[in-house]
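Below: a set of structures, written as structure tokens.
After this come two complexes, each holding chain A, first together with chain B and then together with chain C.
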Partner chain A sequence: MANIAAQRIRREIKEVMKNEETAGASIKLELIDNRWTELKGEIGGPPDTPYQGGTFILEIKVPETYPFNPPKIRFLTKIWHPNVSSVTGAICLDILKDQWAAALTLRTVLLSIQALLAAAEPNDPQDAVVAKQYREDPHMFEMTAIHWTNVYAGGPTPVFEFNQKVRVLTEIGVNEQVARVALSTYHWDIERATEEIFSIYP
Partner chain B sequence: MAETSEAQASASASAPGGDAGQEEEKHDERMLECNICLDTARDAVVSMCGHLFCWPCLHQWLETRPSRQVCPVCKAAISRDKVIPLYGRGNTKQEDPRNKVPPRPAGQRTEPENNSGFPGFGFGEGFHMSFGIGAFPFGIFTSTFNFGDPRPSAAPRGTAQYEEEQFLSKIFLWVAILFVLWLIFA
Partner chain C sequence: MSAESDMEYSDNDGDDYDYYGEQDDCDMETVDRSKSDPEFFLYSCLKVEEVEKLLNESIELLSNSLQITPSLAKVMLHAYGWNAQEIINKYRENANEVLVYSRVKPRLPVGQANSSRTNCAVCANTPLLHKYSALACGHYFCNDCWAMHFEVQIMQGVSNTIQCMAQDCEVRAPEDFVLSHVTKPTLRERYQQFMFKDHVKSHPQLRFCPGPNCQWIFQAWTREGARRVECRGCELLTCFSCGAPHHAPTDCATIRRWLTKCADDSETANYISAHTKDCPKCQICIEKNGGCNHMQCGACRHDFCWVCSGDWKTHGSEYYECSRYKEDPNLANDSQHAQAREALKKYLHYYERWENHARSLKLEEQTLASLKSRINQKVMAGEGTWIDWQYLWDAARLLKRCRYTLQYTYPYAYYMEVGPRKELFEYQQAQLEAEIENLSWKVERAETTDRGDLENQMDIAEKRRTTLLKDFLEFNTNNASSSTKV
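Presenting the complex of A and B:
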């Protein structure tokens, strides 16, 4: 059955090339090491979202049993989104689990992930902390997501206040990523974040 | 659906090996592509919702999720018994693909070989007439007047084979009538 998987991946890459060149949608698909088992996906942040202008890289692992079972996909680019783990990049999306259908392709899956960025589902969260913020403090969520998009995905909008706060913590020796996660989690309250960091990493 | 109008036209891909010659695929051909392997459908079947698959591909999909049998395209309910095999022209066997692939251990129905008896008639494959020689006159009757039955192996209307069956059935009808006349008047 590996034959079907390899042949399909080859066709799908062609399909993405053909469609995206004409449609102008920001999706890319690349084989890694000329093996069909692992690919690199890339999606552009949808317009009118905090992810606009960012480029998000995805790790795609194709099982032997593809397309009868779904590909395993996670974000390699760090992202602040209720349905994506801010730590591991794991995605909570039904079609990657029990709603998978064999006629879905990597292209349609990447488009679905892109659509998920535009319409989060906070009631089915992957990252509880982000989802809580999304529900309870939408403005804080949006600014945090814009900040993460700027720092990790090459987004165009820097959030100076947040950059400043991260710098304060890195200057006292805190790892940058640790500082950013703690600050994002505690609504950019430096004292809360510092407290939390030094209780976890004494 | 997220529409990314301002995004740069970006698509890069690197395919291994070279089937560069097949780049120009015609749109028409895609109509006959299996929705699972994306290749031209072989042993094609179509679901009630109208979606085309290779039977081996669809069978494997149904086996992968026995508890959730849905169409891989539209997620309508689907099952082995609710797909229709497609026979194109030039496909002389007309064997139901569903009888070939499923490794169903018991109850598999195999079609009888047609080379028993009457080699001179030159029946086409798939022409299944069952009349017993032992009960000759009556056997002829039953086999002759049973043509209205919707047999599973009957050829689809409009095909060359269908025409042939119709023709042969008429011949047998006339033979039977002559036989009855002979019985009455002889």
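Presenting the complex of A and C:
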């Protein structure tokens, strides 16, 4: 079976390259080494979303039983999105689970993930905190997502207020990532975030 | 079955003490029993071959009436919960709808672009020499890929619900299509085993015995309320409706809530599960080794209650305070913190008693085993026959059954709303508990207890048990309809 997997991956990389040239879709796929078991994926943030202008790297692990079993994919680039874990990068997407079909390709999967960035499914969340904010405070969600895109994915729009709040916490010795997660979780309320950080990390 | 157990149940003259642990009549029983036994439930215990026969009858009926292959009939029966008559009626009305609902055919016709026979989308090959095949949806893939797809699915335990390999196609592969691609004998066998398991699980009248490695299958005709079925093989008591251990008088939803709660709270409740306790009078450590909650300290002869450590003398009266938990009326005024503490206290009250009776049951299991060997010794030594000692055995069995019901009264009481009905329930529960402890005390000292006294105690305990069940088991309104055969 490993034979088919290697054969498929080879063809799929070609397919993505060919389509990228013609359609200019912001999707990339490359081998990590000469084996076909691990790949690096890359998707561009869709236009008119908080992710616009960002580049998101994905880890793709190909099982030996591929394509009869789905690839395992997670975000390596940190992202603020209801269907992606803000901590581990795990993705909640049906075609990566029970809706996988052997005829699906990595190109389709990457396009689906890109589509997920444009249209979240807050009712099937991977990250409950983000999903709650998405539903209850869409503006705050959008600003936070733009901020994360700017900091982690090279997005063009810095959110000065948020940067400053993160700096306040890092200056008193809090780890930057810890500060950002706490602030994002507590709607950028610096007092609550501080309280939370020092109750967990006394 | 051993010759010994045949002896134990040689005469079954009208009494119905023996159904907890009984091996001989899982089959249809007389209707009389439904009157005397509030838990009466019509069911059978079937072997795998018997169930296969039963399933095959439905498959044959359907395939003959609709002139379809048995393989297709299986897909439909699985989709329609094995209601062959419903399928036949619907099929005659609108065959296409039945085929779509069963996922034999796609909802929408598949376009031409998806049905290439010269290029396999899965293996990325264009093997001209390869053979292609497709399900009713017309998605063609090479036979090598189908074979590998089925192998992966079967190894993952999927059988009836293996789908087409095309994107967004929900059409399922029927048995004959799968088997035409799978050649390895072990894999074919595995597939058919999973298929059978899946069929039993999808059949509303069937349920596997949940006993470890147990092969028996129950058949019954309703899935409402707590329904006791007993396995012929492993003697486990199961609720037919939900598959949990039998739990009357508690209903299925409540027992699920309770067991989840117990699992969640196991840490907090752990400290009470110790097997030893200090004597409240002389502080000597006593190990509980029988099921009885009436403890007697070996050192100072003090009689006390295992559950509350109180003096046993105060437990003798009709009102058995120990099983009652009094809700604190001042609770509403208290702070949130105190309320949480009260809630935990309430839970622990019920949990302790639930756990304690579960442990007692296990210990009584041992009592039962040692009693059996004691009786055998007596019979060997010429001290009477099994029939002479049968009453002892019956008493131990009855004790086990009463304690079982008592254990399951605690989750019931825990979720009951405070009010007169709960008071009545806990009053009856307390009475049952008191009589069970009396019985347990007497059974443990059976050889020195007067037979008449013991039999009287058995009668009292069982009456308390059936009274409680009759008053609080809630499905008893239509036993007649549940015994209609389908």
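Everything that follows uses one rule, which is that the second predicted complex is superposed on the first by the 202 of 202 C-alpha atoms of A that agree within 3 Å, B and C clash if a C-alpha of one lies under 4 Å from a C-alpha of the other, contacts with A are read in each partner's own complex, and residues count from 1 in each chain.
The rule is short, and it goes like this: a residue touches a chain if its C-beta (ideal position, glycine included) is under 8 Å from a C-beta of that chain, and two chains touch if they have at least 3 such contacts.
All values derive from a computational prediction rather than experimental measurement.
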{"item": "Side-by-side fit of chain B and chain C on chain A, or clash", "value": "clash"}
{"item": "Most chain A residues touched (candidates chain B, chain C)", "value": "B"}
{"item": "Chain B versus chain C as contact partner of A:Thr108, first or second or both or neither", "value": "second"}
{"item": "Which superposed partner A:Gly44 touches (first chain B, second chain C, both, neither)", "value": "first"}
{"item": "Partner chain in contact with A:Leu117 - chain B first, chain C second, else both or neither", "value": "first"}
{"item": "Chain B versus chain C as contact partner of A:Thr157, first or second or both or neither", "value": "neither"}
{"item": "A:Ile13 touches, of chain B and chain C: first, second, both or neither?", "value": "first"}
{"item": "Which of chain B and chain C A:Leu31 touches, first, second, both or neither", "value": "first"}
{"item": "Contacts of A:Asn69 with chain B and chain C, given as first, second, both or neither", "value": "both"}
{"item": "Stretch in clash, chain B with chain C, out of 39-47, 111-119 or 165-173", "value": "39-47"}
{"item": "Contact residues common to both interfaces of chain A (with chain B and with chain C)", "value": "1, 4, 7-8, 11-12, 65, 67-69, 101-104"}
{"item": "Chain A contact footprint on chain B (complex, rising order)", "value": "1-17, 19, 23, 35-39, 51, 57, 60-61, 64, 68, 70-73, 75"}
{"item": "For the chain A and chain C complex, residues of the former touching the latter", "value": "1, 4, 7-8, 11-12, 65, 67-69, 99, 101-104, 108"}
{"item": "Complex contact set, residues of chain C against chain A", "value": "121-125, 139, 141, 145, 148-149, 151-153, 163-169"}
{"item": "Complex contact set, residues of chain A against chain B", "value": "1, 4, 7-8, 10-14, 16-17, 19-22, 24-31, 34-36, 42, 44, 46-47, 65, 67-69, 98, 101-105, 111, 114-115, 117-118"}
